[in-house]
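Got a structure here, written out as structure tokens. Questions coming.
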Amino acid sequence: MKDIREDIAWAKINQDVLKSLENPRKLYWVILFVAIAMLGVALGCEVYQYNVGMGVSNMDNPHMWGLYIASFIFWIGMSHSGTLLSAILHLMHADWRKPIYRFAEAMTTFSLMTAGLFVAVHLGRVWQIYYALPYPNERGAWPNFQSPLLWDAMAIFTYLSSSIIFLYVGMIPDLAICRDRMHEGWRKKLYTLLSLGWEGTDRQWRNFRVTYLTVACFLIPLAVSVHSIVASDFGMSQQPGWHITSFPPYFVAGALYSGCAAIITLFIILRYVFRFEEYMTLPILKKIVRLTFAIAMVWTYLNAVEFASVWYSHDQASKDVLIQKASGTYAPFWWGMIFCGSVVPLTLAFKRIQTNIPVLFAVSLLLNLGMWLERWMIVAPTFSHGIYPWTWDHDQWPSFVQWGMVFGSFGWFTLLFMVFCKVFPSVSMYEVKEMVYHRSQESKRLEETGKFAAAGKGAH
Amino acid sequence: MMDSGFDRRDFLKVMGWSGAAVALSGCGNTSIEDGKETLVSYVEAVDYQIPGVGVYYNSSCAQCDAGCSINGKVREGRVLKLEGNPASAINRGKMCGLGQAGVQHHYNPDRLREPLLRNGGSGETITWEKAYALISEKLKGVSGEEIAFLSGVVSGHLKVLLGNYLSSLGSKNHFVYEALAPGVVRAANKKAYGVEMPRYNISKAKVVLSFGADFLGAWVSPVHFSQQYAQFRKGVDGQRGVLIQVEPKMTLTGANADRWVPIRPGTEGILALGIINALGIATGDIAAAVKGYDKARVSKETGVPPGHIDKIAAILKLRSPSLVLAGGAAEGYAHGSQNAAAINLLNHVLGNVGKTVEASAAVPFPQMAPAKGNTAALKSLNDGLAEGKYKVLFNYAANPVFTAPGAMKFKDNMAKAGFKVAFAHYMDETALQADLVLPLESALEDWGTQVPEYMAEGAQINILQPLMENVHPNTRSIGDILLALLKQSRAEEYKNYEDFYAYLRSALVQNKAALGGHAMDEDAFWNETLTKGIIKLVGTTAALSGKAGISGLKLPAPAEIDEQYPLQLIPSVNISLRDGRHTNQPWLQESPDPLTTIVWDSWMEIHPKKAAELGIVEGDIVEITSRIGSIKTQAYLFPGIHPDAISVPIGQGHEAMGRYAKGYGVNPLKIMDAVFDRETGELAMHETRVKVSKTGQRVIVVKDESAAGAKQIREKIAGRVYTDNVDLTKEV
Amino acid sequence: MSISNLLENWSKFRHTHPVDDKPHDPYKWAMSIDLDACSGCNACSVACYAENNLPVVGKEKYAHGQVMHWMRIEHYWDEDVGEEGGREFPDQGAQFLPMMCQQCEAAPCETVCPVGATNHTEDGLNSQIYNRCIGSRYCSANCPYKVRYFNWFNYPTTDNVWPAEMVQQLNPDVTVRGKGVMEKCTFCVQRLRAAEVTAKSEGRLVHDGEVQTACQQACPTSAISFGNLVDQESRVHRQWRAQQVELDKDKQAKDDHEEPSELRGYRILENMRPYPSVMYLERVRESAI
Amino acid sequence: MHRFLRITVLLTGLFAAFSIYAAESQQSVPMTEDSLGPLVEQPIEFPHNRHAGDADKGGMQINCMYCHTYARRSAVAGIPPLQKCIGCHQSIESVRETPRIKKLFEYWEAKKAVPWKKVHDLPDFVRFNHERHIKRFIEQQNRPFQEVCGYCHGNVKEMTVARRSKGLTMGWCASCHQKDHTVVAEGGTPIGTQAYWYTFYKPEVEDASAGVLKAKGPNDCWRCHK
Amino acid sequence: MSQRHLLALYSNFNEAEAVVEELRSTQIKGFDVDKDLIVKSPIEHPEVEEFLGDKPVRVQWFTLGGALMGGLLGFFLISAAQGNFYAQFKGGKPIVPFPPNFVLTYEMFILGGVFITVLGFLICAGLPARRSPLYSANVSEDQIGILVKSDESAANTLKAIFTKHHALEIQEEAGR
């Protein structure tokens, strides 16, 4: 189990990472093609739905929301891991985040973009979406600021723009490297433009450090607020199964959970596809896995809290919804969620699994499936068993259009992510340098003071 | 009116599309446009026609035979909505769903537009002149006996004209057929009260005991009875009326009853006699005759618990006056007349005759009184057709190919007639068999008079007048057609009448003195008549003459259960589809059956207990087999039906009649036995025995109620209180 | 301007409705439905189709639950019918209940609409602005009564919904809704507005009975009464008063009675505090039978 | 450092300007105020200026309401029936042979309606009530017809074929609705502020004894969109 | 007087530090350590700041201003928009309800904070910047560059110091 070598040459870091930007392997093209094909499916579905009407999704009264909203939450949730790795761990000076935070941050951005698409897909009249934007207009009419959906829009806009900015700002020194190392061509022009003339001067670094830290500080509460607001889409309503006080922390925990699971998946894929074995090392993976395990347990706990508070409350309608989740039409999916979300992560407690890449890959996919099911199980059962008995237990199954759109969203995400990986360095070069520099300094210091052995950190 | 040389119809012209635009897609045109849409105004206008403001015309509803008066809202020459005319004593401004769907009859896209002549398997469009010539040619050399005219209920001037036409042909063969007519009850009433249909004063009764009379749903004059029912529920001095409904399959009325008593099908008469016995107030031969009907026996034979019989008797005894009604479920047997007689006897015993069963008025023009339809007429027509007696068959407002029981084989017999003419609105099953199909104007385009069979207060003649110009220009009024045909033989006599309108107008205006307009000049009278839409008359009242008699009353013991066909088929009457005449009106198709909330389809109601026995669950496609044939439909578990019976609603299962009717559901009449009431010869609707078997297929029942069934578990949605606690006198 | 407007009207902007204030003057449209009179005949529902240009969706879409009836007739059987040990037959009949938008004073649907397409009007209605709606369907998700209906398809262009002839029947006063917008019972707002305008032009208020909703007008048993709750003389006001149902309470006199109350007026799901404008009168059944 | 300051000030200024615009934009009136809408081709080029124009310009000064008579009785203004045109023109021999009048009589003799094109065509979901506006401003306040009609229709008396001259957009409508208009009680009976209940902003009583109020137009969406 | 730019590259921070120390201790005419010295490094290195001495960072002020402005603007814009002409009750809540406005204010606070911080960063760090007169691509790889600007007369002295500390490469260019 090798961690990053402390004596690795900085030039090699540049070389290795920059190599990933060029000459894609065949596998890359295969993945890209599959992603585009998946996106094509979604586009086809959307064209059909746009032309014919929302009814083709099989939604109905009372099943007003379906997989679109569930997937929306799923993708929003996924975005939280990037913030976790780049902002929270940054503040905590956990240096192992450095080789992996860039792609996590990119994941944040792209999953937010995917989530945003679901809002559009969900709307009955997407061509009028601008009505929901608070911009001064001739009509003099404003959107309804009381609506949690508007908070959502606002929060997502803030989060997306802040994430892009954070990603970009953090990437400027790397872009400068690219600018310096790339051959002439469109890439060089792009990097020259984007690197804003970064030269690594002391003044730039000084301001950079403060800025990066400040934005990180903003991002943490922002990330928490975003998913709390998504939770309030449900929590603010009066519907049984939604009107639950513990929803905001539950959603945030779920978000971090699915994000971490996604990071594991992408970690493994990137490590393999771009041959980043040297940077995305197993000790780092192990740390993420442990983090995931911890969050899984938090999520499980919050889930239990939700059930308990419903169960011991006098809100019979909510109780009915819970019973119906566990025994009604949705029971297989609900139990699937419990299994994937609470049982499967228990395997992560085993040390051998923590570094077993094939198993971890499978587990991470299962966790993501569980988290997707969780979102669906939040949205759908309340509709089929709301307060009003006349509409109870009306069965509804999402049509191929809904499934196609969900399927395609993964393609869209993959497409964006794959393109990103080829255009921008998916490992932060300057930070890996910092990391190995500080580590070597540290070990040197320890060696000098003769405490090397005592520290017991034979990272090699 | 203006003397501009335009006749009234010109003002009914549809104004151009955009006088006040109907926004077909309110979300389509989203910007300000200049010069894209066309505005069309009237060439000539009258004062009361203002674009954007509705004009109301009074007319009459022709959706069923109850004779409600309507108030049609017309905008820019298009009729938009039918509302009740408050001046009518029958509906007092109210309308049922069926009546309101009249506009969909009018605007139905499947209406016939041109006269059609059969040409092999298909219809060939011909001109009216050619059609008339053809009829005249076919009638040549055919004797009056060989001509048959089948119609639904006709009344008023149309009936007169039709009578004249038939007499001009020398035919006496006018068959008036109505599939769901209360023929047996009429006959029993005639015996018991001296009139076929007395006035039932529900609002005066303190207790209504109804044996299967669905007076809130589809029986006789439901809108009128519904209003009476509302008053009856409010009661007199806060004494709320009590409704007890005895029937094997819950009807809408049963669903509103304080006590719904499921009874073994066909034993209604026994229960009636049992109640008379339990009342113990009968004397003389009645008392003697009912002596045998003690509680134990009645309970055993009818399946009604003895406690119920006691309670019913007690409440009837305590609260007077009451009212006992005999309706559909009681009369549909071979011994239907006996059942009805026994039930009517109860009214006599309780002393309700003269109190809640009152004499009804009739219009003083007997020639205009409705020709009441029944099913016995169908039988004799069918027999005649089977013998090949008729060479020419006219058909108007009846669809026997659809409604006649399968056992009659009406379609085959009809083919034996040489030349069949159908006057029809739609290409329905019967019109499909005709050789010549003549398209009719809708009731909202036509002139006419209507005399309701059931008069609410006094007597009235309803006026039908056009609310707008013809949707399809080549359709004609049935009156115009008859007039044209009459002119073929009696041109001289009718030469003064250019069209039916002229005939009608002169007929009414000539009698204006008798119609309450003696002081007015002709135009004033005519205008007032059209404005009001109703001519109210004092009417002649035939006193109730019948008396309580039990002689000849013989009730058979309940039928043994047939091993092969163990279940009784109840073809139930849906409140909006009735006999299937209006199935093609989409509002009615989409309007859920009140008890099952099923739409756009047929279903079989079966008691959950029986269903469990047979292993049937909701949505199972079952095959219902009688001696005649079998039908397949979905099962619906319905607690409001006797376990020995199943029920399939009438009205669906059309094989023709256009896009909204064809291919939906099944027609239970197809498997109906031709059993007739022994006294009246009326078709016994409930005498078909069937067996039910699963086919193994299952569907999701298309219904409005929740999949789990209509139960409120915890939240209070629909509340209920008992009369102990309420004080209706304090209510507004 | 806006900021000054904000400051000028600050206290008004901070009122909570209907608890803090009762701004409904001179009109508050309300309804009461006597379930004892309601026979469940569906006439009201058909009248609604006729008045409000409701599309007929057909069997397939009905099966999908995409029906558009603004007014639906619900029926409930007694809980114990067909249950183990319960009654074999529903021998006290069904409990019919016409259900449509309850025009809540504090409607849960209004707050959640992202574009403000549904609002509380000054005459106490819950408005639905089709052209503003973007189809997020949040309102329906949050409606406790589930009486909001969404245009899943573009019904004006769907086959057999309004064939050429039937287009002529459409009420020009009511917008025909295209795909992707929410709709619901409006208390026949086109009629209300016409009556209000006429009355105003004549310098008076709408008097009781001058305006009827389509369902009320059709109802053969006159179970529905509708009118201005502010008008002390209106039938609906007198009914509400007699039943001691108050618009701005979430608990009525009836709910405080220990004994079965002689009052039978109630509002559905009142405890969720939407303050509905429709009072139902409980169905009555004879105790002696 | 000067550069920073300049940029900062510039950006702050832009942001502030945007904010003020955002805050005030509700008051804005569309730009189409004075420009005319497209010329609409009509079957007969009806010369409004000949009929309604001032006498000194050769007009007949006919009141708008004489022909557009439905406007005061209905929500929609409608188009006068052909009969109305003929009613006058039958006896005006002088122009009887002009091409336009000939065309008019052709329609009349064929008993065909003239297919006029709609000039002021609001979106289908907007319901403007002519009657109320006429009652409010003409009948109650005795303002001149041409002024009141002109609020929305522009100076028609100087046009031949009518052309749209106002924005007719929602913001444009609201710009008038949110003004405080002076009103006196209608129908002769003062019924107090109740009559103007329909906005959130309640009317102010200006002169209680005379029943004079200041009130805004309706702000309820369901007034115009239903 | 003509100016000259010199860029010296070093392989590690210690050497660079030593150079700076020496430059600081040596008085060279026409060269001011605090003004004319720029250290370019491939990574952010706190020691560089230490040996260059305390230099103020002003980004935080932008942050403060941006966040406050975002928050205030958010609240007032939203409240003003809510109280527009079309103000109508929604769900019985006040026209200007606080809880939603606080949520949105919070978001606007962050939005303003982030945007203006980054704006501040660009301003304070002088980005986007024109390329400085002397630059080596090695700086973005693994070498530390020391860029100095001096009078022509001082160039040789500086070069000597650079060479003394094992400069890997010295670039030289006439300045403006």
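Letters A, B, C, D and E mark the chains as written, and numbering starts fresh at 1 in each.
Just so it is clear, contacts are C-beta pairs under 8 Å (C-beta built on N, C-alpha and C of every residue); 3 or more make two chains touch, one makes a residue touch a chain.
Bear in mind the structure is a predicted one, so any value in this text is a computation, not a measurement.
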- prompt: Which chains end up grouped together through touches if subunit D is skipped?
  reply: one piece
Task: Would you pick out the chains that touch subunit B and also touch subunit E?
output: A, C, D
- prompt: Which chain is in the middle, if each chain's centre is the mean of its C-alpha atoms?
  reply: C
Message: Can you tell me which chain lies farthest from subunit D, using the average of the Cα atoms as each chain's centre?
response: E
- line: Of all chains, the one whose CA centroid lies most distant from that of subunit A is B
Task: Select, from A-E and A-D, the pair of chains that is joined by more C-beta pairs in contact.
output: A-E
Task: Using mean C-alpha positions as chain centres, tell me how far subunit B is from subunit D in Å, no decimals.
output: 52
Query: When the centre of a chain is set as the mean of its C-alpha atoms, what distance in Å lies between subunit B and subunit C?
result: 31
Query: How many Å are there between the centre of subunit C and the centre of subunit E, using C-alpha atoms for each centre?
result: 63
Statement: Per the C-alpha centroid definition, the whole-Å distance linking subunit C and subunit D comes out as 34
- prompt: Of all the residues in subunit A, which ones touch at least 2 other chains?
  reply: 125, 140-142, 144, 146-147, 150, 387-391, 394
- prompt: Can you list the residues of subunit D that touch 2 or more other chains?
  reply: 22-23, 26-27, 123-125, 169, 174, 200-201, 220-221
Message: Two-or-more-chain contact residues of subunit B, please, as numbers and ranges.
response: 20-21, 23-28, 30, 52, 700, 705, 710-713, 715, 717
Contact pairs between chains, per stated definition: A-B, A-C, A-D, A-E, B-C, B-D, C-D, C-E, D-E
Interface residues, subunit C side, partner subunit A - complex: 61, 64-67, 72, 74, 76, 99, 108, 111-116, 132-138, 140-142, 144-146, 148-154, 179-182, 269, 272
Message: Applying the document's contact rule, which stretches of subunit E touch subunit C when the two form their complex?
response: 76, 79-84, 86-96
Query: Which positions of subunit A touch subunit B when the two form their complex?
result: 125, 316-317, 320, 387-395
Query: Which residues of subunit C touch subunit B in their complex?
result: 35-37, 39-43, 45-47, 49-51, 56-59, 62-63, 67, 69, 72-77, 79, 81-82, 88-97, 130-131, 154, 156-157, 160, 162-172, 175-181, 214, 217-223, 235, 238-239, 242-243, 260-262, 264, 266, 268-269, 280-289
Query: Within the complex, which stretch of subunit B touches subunit C?
result: 14, 20-28, 30, 52, 75-76, 78-84, 91, 93-98, 100-101, 103-104, 107-109, 111, 216-217, 222-223, 226-227, 229-230, 233-234, 240, 242, 244, 250, 252-262, 311-312, 314-315, 318, 471, 575-576, 586-592, 594-595, 597, 599-601, 607-609, 639-640, 659-660, 664, 700, 702, 704-705, 709-713, 715-728, 730-732
